[in-house]
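There are structures below to look over.
Same chain, two partners: chain A is paired with chain B first, then with chain C.
For the complex of A and B:
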């Protein structure tokens, strides 16, 4: 099934619940009409929160740069010994 | 037990120094495995092919295949071209600029053997993985892009744009045929299509040392390209 259909299915379900709430008057009418707005705002907040958390805990590896330099030196040394001339940039 | 053969496809353009380093490191880390390296060079003006020919003399032409092309064409077509010459039952794709370190190759292979996955993709965004060389802005756009993709696309992997991957050869052939995007959206479409087709995908942490960033900008046009790609994938997969 195409992904967009899954998303539409989800939207249809949420809309059905929303219309149900409006009809059944469980929640006060004025709030019920604004529910979609609340949901979108909630989604936005969730997104921003996830970006913030991800940024805070962004995995970094500073030691890898150092290890890479060692590997490069080792490789260059080997290539030089074998007579392969790579002009460094 | 049958011995598996791994075909490593590395597209190159002006990677005269890096390709020699990468080849050395691949041979260093894959000593117990049966493999070949397929270098798809797009007629680099810096003499990359000369270096590759020298490497062929050193390591053997059965181990290093030079399959060049006449001009600079896309990444996707480079993989297709390399795939035609691959004789392994597994294909590994990686970059030539040492942002993908060959020391992770055994972990890809091990993961695939343990889980019998169809695809093993490297992820920079989990514990054990990581990135070096990105400033705050770059990390922000990366994280924002990832959150957007996870929220709306449900891709099934944590690193969507990564290009350090191991595929079963038949799976790569199947998926690559249905991909139309170019650039890094190509990598996104590959993994999403594979996920939609129900292929078993596993991830391994990798570290990514970006020595190129700073010279290549992540500007507005890249962001637009990404968003267009994301919308395309939401509707087309």
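For the complex of A and C:
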């Protein structure tokens, strides 16, 4: 519930700033009308950018992967010896 | 396998950066440029700056709802 209130508060603040900009005419009127669309496009761009950067710099840990495969083989061997069938199909 | 991931990540980053710079230039900087500068040839008229993101957003919403509906129908058919 608190999270929703936080997001709603942020939205109300942003819209108040936008309406204030429209009224006070600090920037020209056409700019103030385009600002929400620009902010949404910016948000989408930022999300895409974070996804791309995360994909590029994702650590794969090859040593841990190798150890994990060894653990899996060892566990399968142990269970097969005890008589349980663990071939996942 | 990691190279494919890195390539996709790099592609996404370049796409996002190019969209950001083009859109910023279009909306924020172009109104201050003289109307007979050559750079105006590379940008569409400014109404499109609203229509294109709106259209893309509506397309995204349609695609998302179609996908959710399809997944819900498939799961209902499997459990019935």
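Just so we're on the same page, the second predicted complex is superposed on the first by the 67 of 89 C-alpha atoms of A that agree within 3 Å, B and C clash if a C-alpha of one lies under 4 Å from a C-alpha of the other, contacts with A are read in each partner's own complex, and residues count from 1 in each chain.
The definition used in the following text is that a residue touches a chain if its C-beta (ideal position, glycine included) is under 8 Å from a C-beta of that chain, and two chains touch if they have at least 3 such contacts.
These numbers come from a predicted model, not from an experiment.
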Touching partner for A:71 - first (chain B), second (chain C), both, neither: first
Touching partner for A:2 - first (chain B), second (chain C), both, neither: first
Which superposed partner A:37 touches (first chain B, second chain C, both, neither): second
Which superposed partner A:51 touches (first chain B, second chain C, both, neither): both
Partner chain(s) touched by A:24 [first = chain B, second = chain C, both, neither]: neither
First (chain B), second (chain C), both or neither touched by A:60: both
Doubly contacted chain A residues - partners chain C and chain B: 46, 51, 54-55, 58, 60
Interface residues, chain B side, partner chain A - complex: 16-17, 20-21, 24-25, 51, 54-55, 58, 98, 101, 103, 124-133, 136, 139-140, 143-144, 146-148, 150-154, 196, 207, 209, 233-237
Of chain A, residues touching chain C in the complex: 28, 30-31, 34, 37-38, 40-42, 45-46, 48-49, 51-58, 60
Touch list for chain C against partner chain A, complex: 2, 5-6, 8-17, 19-20, 23-24, 27-28, 31, 49-50, 53-54, 57
In the complex with chain B, residue positions of chain A that touch it: 2-4, 6-7, 43, 46-47, 50-51, 54-55, 58-62, 64-65, 68, 71-72, 74-76, 78-79, 82, 84, 86-89
